[in-house]
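Shared between the two complexes below is chain A, which has chain B as its partner in the first and chain C in the second.
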Partner chain A sequence: MINKMLIRRIHTVFLIFSISMLSAQEAIPTGDELIEKMTAIMSQEASKALIQQVITTSSGRERTFEFEMFTADEGEKTLMRYLKPSAAKGQAFLMLNNADDIWTYFPRTKRVRKLASSSKNQKVQGSDFSYEDLGSGDAWKNEYVSTNLGQEKYAGGDCWKVESIGILEKDPAYPKMIVLVRQSDFYPLSIDYYDDNGNIEKTLILSNIEIVEGIPTALKMQMVNHAEGSATLMKTISITYDWAPPDNFFSERTLRK
Partner chain B sequence: MRKLIKNILLLSIITNFSILFTLFSCFPNILIPRSPNLTILQSTNILIAQSTNPLSFFGYYEGEFDQVRVSDATYNYGYNKLRLDLEENPDENVTIAANLNILKYDNNTTLNLLDFLPKSIWKPIFQPEELPEENWLDEFPLTFSDTLYLDNIYLRANFKKFDITVGKQQISLGTGYAWNPIDIFNFKQLLDPTYEQTGVNAIRLEVPFGSRTGLDMIYSPNIDFDNSAKMLQLKTGIGSFDLIGSLAQYNWIRTDFVLGEIKNERNLIGGAFVGEIAGIGLWAEGAWNQLEGNENFSELVIGSDYTFENGLYILMEYLYNQNGVSDFEKIDFNRFLQYFNGEIHSLMQQYVFNYINYPLSDLVQLSFLNYANLSDNSIAINPQITWEAFQDVSVSFMGNYFIGEDDTEFGLQDWGWRIRIRGYF
Partner chain C sequence: MRNKLLNNLAVFIANKPWWTALILLVVTIVLGGMSSQLQLTTSITNLLPQDNPMVDEFNMIIEEYNGSSSMLIVAEGEPEKIENFAERVVPEIEEFENWVVRVDYKSPKDFIAEHGLMLSKASDLENNLDLFLDPNLDEFLINLNNSLEKEYIQSEEKITGQEQEQGAIRFLGSIQKWLVNFNTALSGSADGAGEQAAEAILYGDEYYRSWNDRMIIMQILPTFTMFDLTPSVEATNAIEAIVHDIAKQTDVKAGLTGTIPLARDEIVAMENDSMTITMLALIGILVLFIVAFRMLVSPLLAIITLIIGVIWALGLAWVLVGQLNLMTSMMSVVLIGLGIDFSVHVISVYTEMRYKGNGVESSLKAMYMKAGPGIFTGGITSALAFLTLLIARTEGLQEFGLTLGVGIIMTMLAAILILPNLLVIRERIKERLGRKKVSKPRDISYKKLGSFAVGLSKNWKFSIVAIIIAILFFGYRGSQLTMDYNYLNMEPEGLESIELQDRMIDEFGISSDFALITAETLDEVSIITEQAKDMSTSGMVQSIVDYLPPDKEQHHRSDLVSYIRKSMATSQIKASVSFDIIIDELYRLEENIIEIQDLAYIGGQDKVYLKSALLIGALPDDDDPSLKPLNIKLANINSDIFSGQITNILNNIEEKLSNARDDINIFQADFAKAYKARTIKMANPDKIELKDLPNNIKDQYVGKSEANFLVSIFPKQNVWEIDFLKRFAGELAEIDPRATGLPPIFNTLMDEIGEDGVKATQLALIVIFFVLLADFRNVKKVLLAMIPLVVGVLWMIGIMEVSGLQITLLNIMAIPMIIGIGIDDGVHAVHRYQIEGAREHKKVFASTGRAILLTSITTMVGFGSLWFATYRGLGSMGIALFIGVGACFLATVIVIPSIFGTVSRK
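Up next, the complex of A and B:
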């Protein structure tokens, strides 16, 4: 009798354990789900921000810029205008279709020039951010296939480690990326960008994450360029997501303003 | 209601500004009645009093030293330039801007233009066989005087449906990099195609119809309506291409050594596009020019550029100018004068421009400019290195080397170099 009860209890415990294991397995999100959730947070409908950018060159010299940045359609449209320093004041960039179309405005000559998309992976104003880094919006979720590599501790928190491999036909910015996504809110804390040889080319570190208008926002983003030994820190001075662009805001007309 | 009053106020300023501007341009000696002036001042005062932005001052200092070897003579020359920009936004949709340029020339401030021209061009004029030798001339001095001038001074207002700019303003037209056939207002310097251009007296009205389509109307007044430049441009975008159609009519004035100037009514029909195919930038710009009392001609520029993964940037552009001469022997002294004065785009018919840039580091750019005159097979080669020495301070060094026979456009010169420092504030 006792044996029968014991066996039944063991069965029950095993059953509960199995069910909990199964549900735990079901709770593990896939890489694509994680990237979907991450880009949903990162690519808000619209935003307007004032950003300070400090570039530390490979020789250790610092260059400080300040620009205003406007985004819409979940980052598919971006307009940047430099306010400082004097040499860059008034220079502006308009990026549409996730930085496939780029126009740049030179205030000294009052001329707008369209850049070919071959330049979209080039540095913006000598920083470690490319046009594509700043203007590609949520293109990530369509241009990469992502795999959840499991859990990892980072900056004192639990993260999912996600590997994103670029789909060649979609001309991704990087062949591979490794992202550490915070488990609590699916916000990325670190992104490693790989080059064609499989080496880490750049690392983006997101910190000072605060809730702005209900949305987690990294007030500091540092891009470390391992290949060149330089780094660029972007500090958000102010940001709002409660901004609706006026009609035809993302146009050459606004660039010239 | 406040918005309506503000708009009425703005329109009043612009209307008055436009009337005054047109009057000043057409009849520079007339006495301007007092009332419109006062109205402008009153309106401007009200707007500036409302302004929350302080008047901004910015600009740059530029110093340049050049040395050039030509016709067995070496010239040293250079300048110090201060550009002071002033800008005020009395309202978020209004900009009043001006800039003052101070230029002080050093070293050789007078060049002998004849040293820069083939002897076969100037000899018939300055040393004609029919004159005795003691009456021959061997100098045509070109003097650079220190100057202080107000380059641009304009008011720009942005309304919901249109933008209007009134005053002396910089107008840059076309998609070409080194040449712009549809730009009737400017002339690009060969070695500095991206240098700022001087202001044009004009009223410019830009009417957008959507994010990529718009109408651009420019009226640059002269002594009367017939002598004024009128331009109409329609811009639109299809896919990754931007398209421009242009119509212009103006009096084309060129220097003439004997007559002082020659003038032809010029009607221009032009078009341009810029876009890309598979990451390769492509553009073209062309114009057909109908001249009253002279031969019609067309100009065409086609260009392409590409940026490689490592940052190497390559640009190529080709110019065909039907107005240019096909044979160097057909060039006369007037054509050189017109070219130096920026009244014609090129001396001869066919040119190629190449530009290569490579970032050696975040602070150092190495570039290479090259002009080739395909009509006389002469070439100008210009390597350049630019160093951002400090924040807002850049130093550039450019070398010039010329290849070609002595009686060719570029072959006449031997070599040259220049150093330029620019500091922004």
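Up next, the complex of A and C:
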């Protein structure tokens, strides 16, 4: 009798333990789920921002630009127009189809030129960002398979560490990325971009994260290029997500304005 | 046993001084003879483990190519003047047949004229195909604009890398030269302008010039390497004299840079330094002795002892290692700094005993009994600390440890054999001269130092708190110590070779110290070349594939080249061209270059910006501080920076509209004819074979055995800046672990030395512990002797930071060295406590404290003299050791009485 009771109690304890384990397992999101949630926050329907960018020139001097940046269709369309310094004023870039098509406008010659499709993976105007880093849209979801590697503390907060491996057939920009996603709101705090040799090529650090119109937004983004020993800082001076692009905004006509 | 031996030694030396002197003289003559055989080698590969693949590769390259070491002439001035300088200086330098194989300063124009198009990539030929199909001026300009739009504007990647930036500059340079000739024709002097304009486009610039055409580089291929010291100095001096002389005559500024001139500068600086510093150290120590001991002869005897000790050490170094390397070359200075300590202890106790009225023999015996154990233990521990470097993987460090370890023992033996002998002989001579007057007994101990120790031991609580605060403060400041790992900052200030290297990096984006990889097949060379061009740290890559593309690639190109040849051959030269088209296309050319400039500006490609500004003018810099210095550079060339050559030509045409049509047609006739003929010749589809290459190209890229090919990779920044060097070496290793040359070898050497240094330091501490344990037979006493060393090293690092010093490549070696040096103070103090008793602070520090103060100051003077070295690396090491020895002394006189204070209270 005692034995039976004991066995029953052990069964009960085991059952409770198994259920709790199961529910705990269910609570851990998969890598793809995390990337889905992260890109949902990152890729807002549309935005309009004023950005300051500091690059290092080939002779080691720092050059500061200010440009306005418009995005739509969750980042699939992007338009950047330089405002400062006066030497760059009016020069503009239009990126469509997740930066597969890039046009640039030169105000001094009043001509628009289409850049080669291979430019997608190239650095944007002397910065450590590539066109794809700026206008990747759904690329992360579609071109990578992600795995949740577990929890990690970063910048004083609990994060999920997610590894994304590029699908070769889809020609991803990077063979591998590792992102630390904040558990509280699924916002990324750090992204390591790997090269073909398995080395970390660049690291994007997102900080000064503030809630803008209810959406977490990093006002400071620093891309550290480990291969070249350089870094590019992008500061968001102002941003709004409450902006709807007028008809045919992402067009050559707007580019020329 | 030890005491009995020392006692017998004292008796022998006191009673048989002349026999002792004779024996020591014979030993000195033998070892002196050996030391004169020592040679200096500066081979950096000798310092590395010989199983390292890059050492084999480096030695093989020296054997096969000679040219692993660079000697470059850099000339600056007006474009025509530097051309004149180059044409005059090269034949004169090539007359030094013993030293110079040849001088490379021009591209092989004849070879390019015959095979130029086969040397262009198939993709480039496809992009620029139209440019080679029609020689007429109007069609040429249309095709040039089409090509520019394809090449640079519609594909931004074309100017984003260093290699691409250089390519863009070269292409813009060709356009610039074409425009200069076109403008000349418009001014009515058309003779040869068309022909030169055609060559500017097809052949490019013969010289290797900077963006503004005001600097050129010429490479001297020597018959020797930088490791051959005599020719490095003699050849550099002779060539430099000619370079300076002709530069003066031709009104340009020119000089030498590269590894060989830099090695020459180092050797000259080190030679000058070693004499000056040794003299400074010896004089400083002598003066200190005279002041401290208030006597003249004894210090002179100590210096003689020291010099003999160093001769013994150098003699044994020849037996043990045969030659001095870059690290062991400074062993004399280190031994002077360290070896003098033993003599200080000998003289200190001997004179103390003599002043107390003791006889010669009893003073000698007392000296051996009181100072002997400390000298032995201190000497052995210091020597063992250096000998632990025998575990190092790097041969250079092994030799450094061996020669210095043995050298310390030699100077110690000299101090306990020669100095007492000289002191006794001096007494005998005085006796014979009838000057047997014994000095009035007097106390020469440092009573104040003794009282200071007593004070500390009485107030041990306060002392220990103060020591802990000092440890925390200096420990924290030490953790903030920054590093200056730029190797060139170790060199003497104001060297022309370094100044020119910096100018080269600034103007060309390449450093003169390059890396090398060999490959056995052309395909392999091609792959390595492409990978090297993709390196984020490479500024320029040179290989045989620039002149001998792989067969497969040549096959691809030959069809296109044949097509160009046929098309050009069938083209007709027009008698006149459409004036309107020419004007339109010139405006289009201006627009294209404006767009290139805009992309270069926002892309941060400064040299492309500058080059394009020469053609179409500068951008406004009112609100961009990064643009101002670039526009200042432009203002040095052209007073009106906002108008470029194209703008001027377009104005010129409008001003001279009436004649312009005729002038353009004259130019068209010349240009089209030359362009057609040269393109047909260049479009030679025949396969290029190794035998077709000019000898100067073969020598440069093909090994003597013709079994391998050389790829040279020039870094794009100062490669001696450590962060950059690490990235450069890392990228090279990914391409091929055999990648060699001075930068990667130096990087590996630093890693190896770093690892060896840490291991040797750990082992030294263990060895010191056990040696002291064997000596004291008491763990507490061992720890007591070692604590001042640990505290002293912490304080040393903290004081360095507070003094604004940085860790350098050389002074980092001071930290393991101080382990061997700094331990002595604690050993002597604890030994004296062992003899006098734990409460005898005054006696211990008034006497032994005086000795360790004097040894510390003499060592500090010895190392401190390095501060005056023009070779700044030695200076940085000298000052670190100066601080380290001082810190260890302070730690000994403060920490030991404080700790003994706690014991004696109990």
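What we mean here is this: the second predicted complex is superposed on the first by the 237 of 257 C-alpha atoms of A that agree within 3 Å, B and C clash if a C-alpha of one lies under 4 Å from a C-alpha of the other, contacts with A are read in each partner's own complex, and residues count from 1 in each chain.
Operating definition for what follows: contacts are C-beta pairs under 8 Å (C-beta built on N, C-alpha and C of every residue); 3 or more make two chains touch, one makes a residue touch a chain.
This one's a predicted model, so the numbers in the text were calculated from it and none came from an experiment.
A.B. asks: Once the structures are superposed on A, label A:Tyr82 by its partner contacts, choosing first (chain B), second (chain C), both or neither.
C.D. replies: Only chain C is touched by A:Tyr82; chain B is not.
A.B. asks: What is the contact status of A:Phe250 with respect to chain B (first) and chain C (second): first, second, both, or neither?
C.D. replies: The answer is first: A:Phe250 touches chain B but not chain C.
A.B. asks: Tell me the contact category for A:Lys114 with respect to chain B and chain C: first, second, both or neither.
C.D. replies: After superposing on A, A:Lys114 lies in contact with both chain B and chain C.
A.B. asks: Touching A:Lys220, do we find chain B (first), chain C (second), both, or neither?
C.D. replies: Neither partner.
A.B. asks: Is A:Phe106 touching anything from chain B or chain C once the two structures are fitted on A? First, second, both or neither.
C.D. replies: both
A.B. asks: Report for A:Lys170: first if it touches chain B alone, second if chain C alone, otherwise both or neither.
C.D. replies: A:Lys170 sits against neither chain B nor chain C.
A.B. asks: Looking at chain A, which of its residues have contacts with both chain B and chain C?
C.D. replies: 55, 57-59, 61, 63-64, 85-87, 106, 108-109, 111, 113-116, 118-119, 122-123, 126, 228
A.B. asks: Could you please specify the touching residues of chain A with respect to chain C in the complex?
C.D. replies: The contact residues of chain A facing chain C are 55-59, 61-65, 82, 84-88, 91, 104, 106, 108-109, 111, 113-116, 118-119, 122-123, 125-126, 197, 225, 227-229.
A.B. asks: Give every residue of chain C touching chain A within the complex, in rising order.
C.D. replies: On the chain C side, the touching residues are 149, 153-157, 160, 162, 165, 506, 509, 536-537, 591, 594-595, 598-599, 601-607, 619-624, 626-627, 629-630, 723-724, 727, 731, 734.
A.B. asks: Flag every residue of chain B that touches chain A in the complex, lowest number first.
C.D. replies: Going by the criterion above, the answer is residues 58, 60, 158, 163, 169-172, 175, 194-197, 206, 208, 210-212, 214, 235, 240, 242, 274-276, 279-281, 305-309, 311, 313, 359, 361-363, 388, 391-392, 394, 424-425.
A.B. asks: Going by the contact rule at the top, pick out the chain A residues touching chain B in the complex.
C.D. replies: 55, 57-59, 61, 63-64, 85-87, 89, 100-101, 106, 108-111, 113-119, 121-123, 126, 228, 230, 248, 250-253, 257
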